[in-house]
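For reference, chains read A, B, C and D in written order, and residue numbers begin at 1 within each chain.
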Amino acid sequence: MSFPLLTATAVLPAIGAVATAAVPAAKRDAAKWLALLVSLATLVLAVVVLVRFDPDGARYQLTESHAWIKDFGVRYELGVDGIGAVLVALTALLIPFIVLAGWHDADPMETGSRRWRPTQGFFALILAVEAMVILSFEATDVFLFYIFFEAMLIPMYFLIGGFGDRAHEHGEEVASTQRSYAAVKFLLYNLVGGLIMLAAVIGLYVVAGNFSLQEIAEARANGSLDMATDTERWLFLGFFFAFAVKAPLWPLHTWLPNAMGEATAPVAVLITAVVDKVGTFAMLRFCLQLFPEASKWATPVILVLALISIIYGALLAVGQRDIKRLVAYASISHFGFIILGIFAMTSQGQSGATLYMVNHGISTAALMLVAGFLISRRGSRLIADYGGVQKVAPVLAGTFLIGGLATLSLPGLAPFVSEFLVLVGTFARYPAIGIIATFGIVLAALYTLVLYQRTMTGPVKTEVAKMPDLRARELVVVAPLVVLLIFLGVYPKPVTDIVNPAVQQTMSDVQKKDPQPEVEAAK
Amino acid sequence: MENLIALLIAAPLLGAAVLLCGGRRLDAVGHWIGTVLAAVSFVIGVVLFADLLGRSADDRTLTQHLWSWIPVEGFKADVAFQLDQLSMTFVLLITGVGSLIHLYSVGYMEHDERRRRFFGYLNLFLAAMLLLVLADNYLLLYVGWEGVGLASYLLIGFWQHKPSAATAAKKAFLVNRVGDMGLSIAVMLMFTTFGTFAFAPLLGTQEEPGIAGDASEGTLTGIALLLLLAACGKSAQVPLQSWLGDAMEGPTPVSALIHAATMVTAGVYLIVRSGAIFNAAPDAQLVVTVVGAVTLLFGAIVGCAKDDIKKALAGSTMSQIGYMVLAAGLGPIGYVWAIMHLVTHGFFKAGLFLGAGSVMHGMNDEVDMRRYGGLRKYMPITFVTFGLGYLAIIGFPGLSGFFSKDKIIEAAFAKGGTEGWILGGAALLGAAITAYYMTRVMLMTFFGEKRWQPDADGHEPHPHESPRSMTIPMIVLAFGSVFAGAFFTIGDRFLNWLEPVTGDDHGHSPLSATTVTLATMVVLVVGVAIAYGQYGRRPVPVVAPRGSMLTRAARRDLLQDDFNHVVLVRGGEHLTRSLVYVDHTLVDGVVNGTAASVGGLSGRMRRVQNGFVRSYAVSMFGGAAILIAATLLMRAV
Amino acid sequence: MNPVNYLYLAALLFTIGATGVLIRRNAIVVFMCIELMLNACNLAFVAFSRMHGNLDGQIIAFFTMVVAAAEVVVGLAIIVSLFRTRHSASVDDASLMKL
Amino acid sequence: MSGQLAAYTTSTGEAFQFWVLGTVAVIGALCTVFMKKAVHSALCLAGTMIVLAVFYLANGAYFLGIVQIVVYTGAIMMLFLFVVMLVGVTAADSLRETIRGQRWLALLCGLGFGILLMGGIGHASIKEFNGLTQANANGNVEGLAALIFTKYVFAFEITGALLITAAVGAMVLTHRERTERARTQRELAEQRVREGKHLPPLPAPGVYARHNAVDIAGLLPDGTPSELTVNKTLRERGQIRDVSAEALNDLRALEQRAEERLERTAIDPVNVKRAEEASK
């Protein structure tokens, strides 16, 4: 019985959450430091996972398996394939930055405000989310996955509803009502998705007789478990709906702008860069593995929806007046790309999609956190309230620009690699869709540059004239992200090497071959 | 030797990194760091050039493989470089002109407190441009392609506090992005067609052609047209030319380096580099030539109407690149001359821009030529260098422009058939107009009586010669613009140098070379004469006359911006606004509507529970009745 | 005459009683209606026992009476205490089931 | 007699009896439901039950018939009446429906239910019809006893338990626990003084020339009736008769007649009219 590494990666933040919550109210900073240390320790563990993971080894590695609920054959089964390992690493990587960026977000409001903000709670919740997300990346038991997939809604709900921006243009009252609206919306959307998925999970149990992903997938592969076509399609839809809500896919996306708009920037990053990834990841792992036929059956519709997400999200981002909502719609557009890559069912597309999850996490984190710093300085989320920041705070503007360029996937930065892979992968099978999706990059340039121009350039607005540049803490947050963006942009090999085998596995699950080049085909 | 290639790029890249991350402590020396590193890159280029010359003509191709960039199943993109004669030419042009302009900027940007960042951006541009011309596959080329776009975005918008500059920068980037879209789709198409997008297997060499030819002509035409779209974006060809005029918002050295000498010619590089593909797609080639012809006239006409000296020069740049594209579209006949014109143009146009910059430098950044006049007395060096550049561009016999442009016109006629006549005619007409507007610029700026007045702040400009750091580059470039053409042409040096890459093909021209030359001379004289008649003999009005319809249209870039504004900008705004509305009311409304209806329904259901025992009793009784009925029915059936 | 008529009569009485339960508000009257229903049942039982020619039906009727007696005792006690507390014997007043 | 009662086809006498008494029973039942006053309902119900008793006898259930009369009509109905008295004989609940649609629903259900029952009975095939001849061979009571104490003995015992429970339950429900000791006369008096009301004993009911009953309120000096003079229970039931108006009218009539006799000319027409209607 070797050391349960995967369990450790999840248990550590969980314990950390409890401990942080237990810190006495007076020792606020102690709680912060504790949370930071725990998240860093988790990062170390995640790196160990990456190192111990052998790309050419078995599909699922570092597996653990214990009986849990014998009556229903529910087992506590963990294991990571390349995709899971990378995403665990991404999560563990982003949390420290989120904690650090949210250092003061949960400080008690200045005297006179009635709202008391429990600092300990804030950081404890973040760690709790980390634990659950990591577990849902590691769980290879459908039921186990479902539990954490749902459970992470609770801390997220409190994070969104409980902590907003320090200053708000409409005053605290309006802010809190909008916040609770956003939080409830987030909860309801995801709960509905989750319930439908629960039905599908039970259905799967009825059909398959157990919850183990590996066993079911094997049985599907060697044909010992054959579902009726309709059954498979219904189950697939049940799962996919939940993931599409989480992902979020048009037209199930409307909760995201509210949630990201009202939550503080770090929490917004937590939502879009960490939690939502579970949705796309689960599409790749569960939908494709468990229901290959149904996935192929649903592909055309899903691709069209993804396409709509890309264009629609980008267009709405152009139309936004609120920085955070703009980033939210941009994310919707990017999730469209990810889903496109997954369901294009080519190795480029799926590798690209996985890579995209990582890169989108980093780039959005960079952009959103800098935006958060900007907002915390001026106390407004409206683009119109800024102007000429570049002159007073060049470093802030510079990092903001880099984040923006990453969002428009400029070659040389990480997102370009993944986006191009997705596009190539899609184009290889569905040229028309690939071409239309490419329009997304023009729109991306449009909303990013418009945002940058309106906030950073032009004559200096009086409100921002005194704006200080990035502080040390904030630089510590941003600089590593920027470095990562550039590094993964020019040398993504480390990630792709881990991802590729897993993608090949998935491709073989859905029994799809990459289309061959015309010329070779001709020869 | 190969390992030096990476250094070419590394040097300016290092410079960019140091200068941009260095912080204020580098403000004092930043500009020199930048200039030195650019020069270093130039030196390395020269060394490599020497090395290539030392080799036999057919193995003048160096390659360097750094690392595997995107390794994915069935998809292979490497960070690897290929240095052949074509790239070499560009390397020398870029680093050479680039270094000079760095030097020039030292003086020009002296009073700008953000000079360090300016040099950082310049170095970034050099690195990206070198990457563009050195990449050994289309995807890496794409990186450089967008990299130069970024650099140009940063440099056009360098004076960000000016909204016009910021807007111009954004416009340039967006229009380029449209072109880039073409390039990326082209790469995808290559990948799906050939399974690779690396130059070597795809394009091959003159001896053994690559697999590019194996694909169906339709596919190749598609790829070629997409590449052309990319080229149009980067090289400001119709219909994507609208950004170049606004790009003049940037500092003048930028206009000289990026928007005259190097970046805007990337499109030509792309087409010539992809010659193997274009040769196999004659339809696409025809389109290329048409685009070139249209643009060269378009640019020339715009150039005639502008009173802003830099915008006039921008128009001329557009038009000159039109020549190159036209030549490139002619196939192997024209490739060499396209590149040669590109190089010579690099010299004289950069020189002209630097001259313009020097003029503005002396005139408190006044750009309106109607407020110049008689400057030759005040800034003689500028006058001479600018004049030489002027003679070069209008194709004055013996100067570089004469050789390169003449060849292109010749080649255009040599295309043969009616399109040969049409293209050649267009080229000739272009030459005439070029002579006209350049003469106009020359006269309005340096001749006539002085027309400048106190500017808004009320202090009279005191035109003076620019400092040494600015004049030296101008002089060097003037030398280039005088002698380069002759040097290249005599003994077909340039032809022999490039021929292994581009291939060569002397079409059979319906007109003899001399006829063409004579014709060129004639139109040249005509153009100059008309211009002199208009601007030399009678004084130039300080306020621009209303002018003819064409003039007014030309002042507005032939209404292209208005078209964009109405169709794209307005339309886009409406689209996004309506979409935002839809998202809020429809997509969101459906959801909220369901929630509301559920709530209302449950509220109504709640009424049924009125708490009165008797109504519960009624329901029980009714239930019993129904049960009995059910049982009876069961019995009955 | 066919003794089945007794059954019809019983059914009729039962229905009337049930309707009364639903219509009247006075708890006492409601109780009376319930008694009426019980009696209707008894009549049916007796008629059945006559038809089948054994006494079981009568036994059941007998038990019904006993139970009815017990029920009346308790029920009336409840009514009295209700009346004591809220000075009314209307079943509608006891509508605390409504939230 | 029993033999012929339990014959296959019942005698015409029984038929006649059935039709007459059946009608009576139904009418009684209807009255039970629709009478305004609880007392009347109770009486009607008693009537129905007696009719049913007769039917029992007619059906050869002699024991039950007697029990029906003795236990039901004798005991239970009396219990009912007792409670009715307690709650108020005349406490009539208006038949006006308060719950919307309740009445129609009820009638509908009742109608449907009845029809269904009838249909069911008609539908049921009741072929064999063997009377109670040999069942009642040696006495109906003996027969029942035999069954009760052999076959149904457990049920019988249980009913006993049930009855006891019911009795206890009823006592518990109605019994009012006295939490503090009863207050003495003195304490009551002191309390009254403290509250400062009715120091003297309550006034007697009104005593008039024609009326003299506990439910008639006495008049205050200004002629309005005083509730205090009426017994508390009656007050709660709202059974206070007010005859003050009559008394006053009589008085006026008297004066008027006196005037006529003394031939007072000034006759107030109003008074005249009053007098006339009073004299009627």
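Methods note: a residue touches a chain if its C-beta (ideal position, glycine included) is under 8 Å from a C-beta of that chain, and two chains touch if they have at least 3 such contacts.
For each chain, UniProt lists the protein as follows: A = NADH-quinone oxidoreductase subunit M; B = NADH-quinone oxidoreductase subunit L; C = NADH-quinone oxidoreductase subunit K; D = NADH-quinone oxidoreductase subunit J.
Fair warning: this is a prediction, and the values are worked out from it, not measured in the lab.
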Exercise. Suppose you hop from chain B to any chain it touches, then on again the same way; how many hops at least until you reach chain C?
Worked result: 1
Problem set entry | Chain closest to the middle, measuring from C-alpha centroids that were averaged per chain | A
For this session: Find the chain most remote from chain C, comparing centres computed as mean CA coordinates.
Result: B
Seminar exercise, completed: Rounded to the nearest Å, the gap separating the Cα centres of chain B and chain D is 107
Seminar exercise, completed: Taking each chain's mean CA coordinate, chain C and chain D are separated, in whole Å, by 16
Problem set entry | Interchain centroid distance [CA atoms averaged], chain A/chain D, Å | 77
For this session: Just give me the whole-number Å value for how far the CA centre of chain A lies from that of chain C.
Result: 68
Seminar exercise, completed: Residues of chain C that touch at least two other chains are 18, 22-23, 25, 92
Seminar exercise, completed: Flagged in chain D as touching 2+ other chains are 99, 102, 105-106, 109-110, 113, 117
Exercise. Listing for chain A: what residues touch at least two other chains?
Worked result: none
Exercise. If you go through all the chains, which pairs of them touch?
Worked result: A-B, B-C, B-D, C-D
Exercise. Can you name the residues of chain B that touch chain D in the complex?
Worked result: 610, 612, 614-615, 618, 621-622, 624-625, 628-629, 632, 635-636
Seminar exercise, completed: Seen from chain D, its contact residues with chain C in the complex are 6, 9-10, 12, 14-15, 18, 22, 25-26, 29-30, 32-33, 38, 41-42, 45, 48-49, 52, 55-56, 59-61, 63-64, 67-68, 71-72, 75-76, 79-80, 83-84, 86-87, 91, 93, 95, 97-99, 102-103, 105-107, 109-111, 113-114, 117-118, 121, 126, 128-136, 140, 143-144, 147-148, 151-152, 155, 159, 162-163, 165-167, 169-171, 173-174, 176, 236
Exercise. If you look only at chain B, which of its residues touch chain A in the complex?
Worked result: 20, 67-75, 79, 139, 142-143, 145-147, 150, 153, 157, 160-161, 163, 165-167, 169-170, 173-174, 177-178, 180-181, 184-185, 187-189, 191-196, 211, 214-216, 219, 572, 575-577, 579-580, 583, 587-588, 591, 595
Exercise. Chain D touches which residues of chain C in the complex?
Worked result: 1-9, 11-20, 22-26, 28-29, 31-33, 35-36, 39, 42-43, 46-47, 49-56, 58-59, 61-63, 65-74, 76-81, 83-84, 87, 89-90, 92
Exercise. What does chain B use to touch chain C in their complex?
Worked result: 609-614, 616-618, 621
